[in-house]
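Two complexes follow with subunit A in common, the first pairing it with subunit B and the second with subunit C.
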Partner chain A sequence: MKWERERKLDNHKTVRLLDDNGLRVDGRRFDELRPLKIEVGTLDKADGSAYVEHGRNKILAAVYGPREAHPKHIALADRAVIKCRYHMAPFSTDERKSPAPSRRELELSKVIREALEPAIMSEYFPRSTIDIIIEVLQADAGTRCAGITAAALALADAGIPMRELVAGCAAGKIDGKVVLDLSDIEDKQGEADLPVALMPKSGMVSLLQMDGSLTEDEFKQALDMSIDACRRIYEMQREALRQKYHIVKDEADNEAATEVRV
Partner chain B sequence: MHAERKQLVTPGDVLGEGPYFAGENTYRDGTKIYAARIGLADIIGNKLIVVPIKGVYIPRIDDIVIGRITDIGMSGWQVDICAPYPAMLPASETPMQRGRDIGRRDIAYIYGVGDLTLAQVIAFDRTRDPLLTTKGRGLGKVTSGRVARISPAKIPRVIGKQGSMITMLKKETNTDIVPGQNGLILATGKNPEQERIAVEALYMIEREAHSSGLTDRVRAFIVDEMGKGKEIGQSQNSSIA
Partner chain C sequence: MSTTHQLPIVARLEQKTVVDLIVKGKRVDDRGPLDYRPTTIMLGVIEKANGSAQVYLGKTKVLVGVKIQPGTPFPDTPDEGILTVNSEFVPLASPTFEAGPPDENSIELARVVDRGIRESKAINLKKLCIEPGKKVFMVFVDVYVLDHDGNLIDAAAMAALGALVNAKMHAFKVEKGEPVYKEEIVPLPMQNYPVSITSVKVDSTTVLDPCLEEEQVMSCRLTVTTDKDGNICAMQKGGLGFLTPDEIKQIVSTSISKAKDLREKILSNVK
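What follows is the complex of A and B.
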């Protein structure tokens, strides 16, 4: 491990994140996403779940609820309390990560919750809680965005009323050029990272953070790029949901006509 | 209407635009009406709705539910009805002998913690916990049978169009099946084998809720299973003979 860190440090000046053709370390163009694999309903025991592979990120999200608030005093009279836990598995990184929640994980739990909250119609379930659990099985930069992508699907899978889905994607700057969806080495050795979560229908940005520095123009460019990527991811999310609930239309007519509840 | 009837929609999908009302599980933003939940789009009059295909049970007045007693209070019980809210069953809502005084010691004879009850929701409005009653025909303590737990969104499929599915289930398995709106279904038969087959058929309906020809497949499954039971019975008889 130590050896690897030294190698990375050695390479710091010599490594080139963009080659002569403008291609990146993993061969992507500047505006290309890493391959994305999305699966809905992976877990049986949770009310809703989703699994996302975003490049080499492997992320599992589970949702429970709405259910009774425990302890009772945390319940709100006018809406459901949304609880979110982002956690990285000890085996998700190069060096074993302590399983105890770190400062970083606590912060990400909070920002992910705040990125999802505007999409959830929590006012339908006063005095209850909705639990969102995001487990990073393998990390490779951009876990918070992939976590949001997965959690939004798990929420929809749980049948929780939502205004729309939320998709996440980051942009950044490497070797002086603004690029989309940084990988691990680009994140560590690049100049900036800009994670964004978007509610595509309304065009509302529910997460925006920045690490490093960008000029105003670069910032605008990076933001536009990640918003565009979020829209692409949103289409993949919808497709994944449709695949899970492949329904024969005629069969739906065989249901008893019951009034539907809110 | 933009979406077709019975079309699968995901949160944020446009259902329609113009002179429609936003019904259950939908919302309006500007002139358009959007789906708020994963489910099947439908239209009632000029009201657009989404019929959910997943989700927790939210109590409604007059629903028949099966609940488990979780606590005994001074004048009633707390009942878990698989909803985000714990239900209350007041002692006054049980058919008790008149003149008997109501108190903790007394009511424990009626329901103990862990008992199952078939009850009806008499009051619920989200600001207060649901209130149950066991006064009514067929309501009261569950004393025999087996309970299957399925997603409450699948209950309409278990009942079927004009009760077609449940009638078939009752007839073929020779059991009495009471579906609780909260996803718990009670099957009571003359022997445990019939109940087992009924419960397995219910889980089969949940698993394959939206595949074609389900009623026929479930019937074939039941007939097959019932047949097995008979064969074993016959072979036992012959060995005794």
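What follows is the complex of A and C.
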């Protein structure tokens, strides 16, 4: 399998991330996204849920609420409290990850909350909480962005009023070239990573982080590239929502039709 | 779990004053939009630390101590020293700080400072190896926030850089896998000097180096860390607002030029 070949490459420290034709280790072009699979409403008990496969990332997101704030003293008088938890499963990485939340996970929970919160009309639900739970079942670079893509859909699926959806995608630099959507090996051996989340209709960036080394021009190029990719992902998100609610609508229509016949 | 916290309660009158001034291109403390507050950096304030620096950024005070100790390397970098950045929001710094394990803001601050130092390769970690896979030097950078009047990230990053530049250790040679210290005292092997510049967006205007009043009314902030060659090595957006791509590009280019001035200032203080 392709990924097994990649895993083998992983063991050799110096891998060429771009070949002579400018293709990447997994055969993608510089501006090509990994394949995405998006499902909305995968969980039964959650008020809203979504499952996203972004390359080899497998991520589940669930939303509970708006519901009564617990403990009560965390409630805010003018808006809902948004609680966000980003967590990686112990088996999601090459080496087992301790299930206790790491400092990285705590930071990501914060930046993901700050990326989603501007899109949520939390002022409609004072004194309540909205819980966003993101569980990374398998990680392969770009989990925070894929987590945001999934969580935004779960919020929409829960019927929470939103200004718009949020989509996430990273760009980065490998072998001196700016490329889109780094995979695990590219993230580890590449030179920079720039995760971005976008509210596509207004064109507002709600998450922006960077590590590595980029010149100003490279940065601008990477930012434009990831924003463009967020727009493409946004279309897929809309399609996934339409898919689910189209089926629901069909079922409702059928039921109505049967009732008439009786 | 990251939770929306109570927004700081600011009197409407004060909020309006701060916002109106910024929109007019002025500031509460009579600065221009792109002016940094007066900055003082004092090195070697803690004798028992290998390196230390205290930064006054306006009324914000941050103290950083560096300790260097032998330890075990990580398996994926067997021949490199270890860098650890920790931050402590000491309860004496602000009425909103509480004793206890670090909260998400403290962790974020430490991780942003860490990213700047790590990604710019500020310390030559290879030179801190004692015996590959067995023993290396660990560099602990502990950030102590003593007085919080806004822009803790920049103050902490500046103090961390100062403390690292100030850090000294005994020269050593390796005998049977153990470090044998010599009399001679050498500086920590530094090779880059990252500087963070934070801007905040208030209404639709951006200003540099926010004081606490400005942070309380901001919609969001963006920190840009650049290295000595003017390359960007770390970024972090914070807060509940959002930025347009043009605003981001604008902030990035002003941060790059501002960081250059500030770096010269810090290093001239040092040498």
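In this text, the second predicted complex is superposed on the first by the 232 of 262 C-alpha atoms of A that agree within 3 Å, B and C clash if a C-alpha of one lies under 4 Å from a C-alpha of the other, contacts with A are read in each partner's own complex, and residues count from 1 in each chain.
Simple rule for what comes next: a residue touches a chain if its C-beta (ideal position, glycine included) is under 8 Å from a C-beta of that chain, and two chains touch if they have at least 3 such contacts.
Bear in mind the structure is a predicted one, so any value in this text is a computation, not a measurement.
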item	value
Which of subunit B and subunit C A:L76 touches, first, second, both or neither	second
First (subunit B), second (subunit C), both or neither touched by A:G48	first
First (subunit B), second (subunit C), both or neither touched by A:G159	first
Partner chain(s) touched by A:M121 [first = subunit B, second = subunit C, both, neither]	first
First, second, both or neither for A:L214, with subunit B first and subunit C second	second
Which superposed partner A:D31 touches (first subunit B, second subunit C, both, neither)	neither
Which superposed partner A:E235 touches (first subunit B, second subunit C, both, neither)	neither
Subunit B and subunit C footprints on subunit A, overlapping residues	80, 199, 202
Complex contacts: residues of subunit B adjacent to subunit A	6-8, 10-13, 23-25, 27, 29, 34, 36-40, 49-56, 58, 60, 84-86, 126-127, 153, 155-157, 159-165, 210-212, 214-215
Residue numbers on subunit A that touch subunit B, as the complex places them	47-48, 65-68, 77, 80, 119, 121, 125-128, 156-165, 199-202, 238, 241-242, 245-258, 260-262
Of subunit A, residues touching subunit C in the complex	74, 76, 79-85, 103-104, 106-107, 109-114, 117-118, 122, 194, 199, 202-216, 219-220, 223-224, 227
Subunit C - residues contacting subunit A, complex	1-4, 6, 104-105, 107-108, 110-111, 115, 118-120, 220, 222, 227, 230-245, 248-249, 252-253, 256
